[in-house]
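You will see chain A twice below: alongside chain B first, and alongside chain C after that.
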Partner chain A sequence: MASFTQTLRRVRVKPNYETIAWKWMRYSAFAMIPLVWGHMILQDVIVGVHRIDLDYVAMRWASLFWRIYDALLLGFAFAHGVNGLRQVLNNFIHGDRARKVMNWLLFLFWLVITLIGGAALIAGVNRAFPLP
Partner chain B sequence: MEVRVRVFRFNPEVDRRPRYDVFTVEAEPMDRVLDLLEYIRGDIDGTLSFRRSCGHGICGSDAMRINGRNMLACKALVKNFGTNEITIEPLLGLRVLKDLIVDMEPFFEHYRSVLPYLINDEPLPEDGRERLQSPAERERFDDTTKCILCAACTTSCPSFWADGRYVGPAAIVNAHRFIFDSRDRGAAQRLEILNQQMGVWRCRTAFNCTEACPREIKITQAIAEVKRAIQTGRLD
Partner chain C sequence: MSNLKTTLAGYITYRGREGHWSFLLHRITGLGVVLFLTIHIIDIAFVYFNPDLFMKAIEIYRSTLFGIGEIFLVFCVFYHGVNGLRIAYLDLFKPQGWHVESQRRSARWTLTIALILWLPSAFWMLRNLLMHNYGLFGG
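For the complex of A and B:
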């Protein structure tokens, strides 16, 4: 009777930009499930968008927990979204040069918004709480 | 029953733009769309061009768009459309050569690019005969051996429509067939090719391919397995 040797087959594929971007989309999506749901339920249902004002933001950012929460949201959700936008634009922008320009523009867009968001998070609302 | 067949017509030697011809034909519910086309070509308009060969869903030459969906004309029964208006068009995303015939060369170029053949330079087994494989090892890639290269999947894929350089589901299916074959040693090479920008990462899991496949191959799953193999390096 013939016998078979079951060999475990493994290969190594060098990760590149595409591999990392794909993995990033998966991990960030997992992180976003609790982050975005929590955010939406709190801001849109419990608090309500019409009651969000500087007063509310000051109160929220008085707690380190919410600052870290918002930082995670900014880090995961925005990069996830911009990478998604890159995928969509890839369908319409075909030239290698044009794609390079697009990638850089998207990167700058991501960087500027993240920096502004990050600065706001770190600086907080520059007023004492509770507001007078 | 009477069937109104609208057929896409284009002859690049005379036509400036394509048109639709309408033929009214008498058909049985169990007739295939291929029978309608044969009848039109044989009895009404001998200039109608389309590919066919086996007539039994195995050569893959008559994939076309029938009422908006990619299928084999020889496997599409008139009764299954639930209407007696049938529109027949060539596959999308490939250049039309004449009427329902498209230029398949870009499709086969993608197919060849994934090295769809056994790669193994190791010496033959001692008895000099076959490289053996267990039933379980054979089972691992059974689904993807069923591909007949009809192009129904690749030409139903929105990523392929958006950019014809995308290697496409059919090529990935045929890469899968060898990547997961325990006798093959070319997996690293193929995964390297599919890891490029126009490789598996262009797949957005639209599932059009799985729906279009006349062989019912679980194509999106096969693509996902290739993606996982690239990420983890595991071929089991």
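For the complex of A and C:
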């Protein structure tokens, strides 16, 4: 019986965009568990939508901690969501050209919504302070 | 159009049992959450761009229909999170753990944990909804 020697060669492949996106989806999951669950349990369950109004948002965003928290949520969750949407659409859209168009549209979609959310987060509630 | 048909037929007719179900649940919950998230970023942005419209959006969220949707949304976030942790942990740290048998068990546990996390929240949100919209529990 012939004996075989196995030769292992370690290859370092330069990560491309898809590799980075793949890793991002997974690493961001660990960050988002406390961020998203915390946000959701606090706002949807403990506070509840019936007690949320402009005063509430203004009070919350008066704290730098919550603004940074929300900025992290916006950055992590929406990018994760749009990339997930891209992966789903990849199952349905197969042509190179069509995928290119799709990628650009999704990128613009992500950028516009993130900028809108970021602008509001920085500018805050639009009315006179101090609150009545 | 044939792409759509082929892919959707694959989604439905693939018979991978637990793996198949958790794939579908992960997709559906993920799509549901990203749909809501998009709307949510825009409605919160109204606090700056158009405060009156923000209060209109909040009024819609307070309706019974959206209240029920919110309860399902919370399930989506819990399930997608627990299942996402399973995927991330295995892919990044233990790729040799992707075994059909153990992952069948693991997929069932994922759903169980998500339900256990969701039920207290769902109960409390339903209570809030009945309290504010129907005057129950002294609301």
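Going forward, the second predicted complex is superposed on the first by the 118 of 132 C-alpha atoms of A that agree within 3 Å, B and C clash if a C-alpha of one lies under 4 Å from a C-alpha of the other, contacts with A are read in each partner's own complex, and residues count from 1 in each chain.
Keep in mind that, in the parts below, contacts are C-beta pairs under 8 Å (C-beta built on N, C-alpha and C of every residue); 3 or more make two chains touch, one makes a residue touch a chain.
All values reported here derive from a predicted model rather than from experimental measurement.
When both complexes are overlaid on chain A, the residue A:Phe78 reaches chain C alone and has no touch with chain B. By the document's definition of touching, of the two partners only chain C reaches A:Ala29; chain B does not.
By the document's definition of touching, of the two partners only chain B reaches A:Lys14; chain C does not. Looking at the shared chain after the overlay, A:His94 reaches both chain B and chain C. Once the two structures are superposed, chain B and chain C can be ranked by residues of chain A touched, with C on top.
Residues 23, 91-92, 94 of chain A lie at the contact with chain B in one complex and at the contact with chain C in the other. Residues of chain A that touch chain C in their complex: 23, 25-27, 29-30, 32-33, 36-37, 40-41, 44-45, 48-50, 52-54, 57-58, 74, 77-78, 81-82, 84-85, 88, 91-94, 113-114, 116-117, 119-120, 123-127. Residue ranges of chain B in contact with chain A, taken from their complex: 132-134, 137, 158-159, 162-163, 182, 187-188, 191-192, 195-197, 199, 201-202, 204, 227, 229-231, 233-236. Residues 2, 4, 6-14, 16, 18-19, 21-23, 87, 90-92, 94 of chain A are the ones touching chain B in the complex. Contacts from chain C toward chain A in the complex involve residues 3-4, 7, 27, 30-31, 33-34, 37-38, 41-42, 44-49, 51, 54-55, 58, 61-62, 67, 70, 73-74, 77-78, 81, 84-85, 87-88, 91-92, 121, 124-125, 128, 132.
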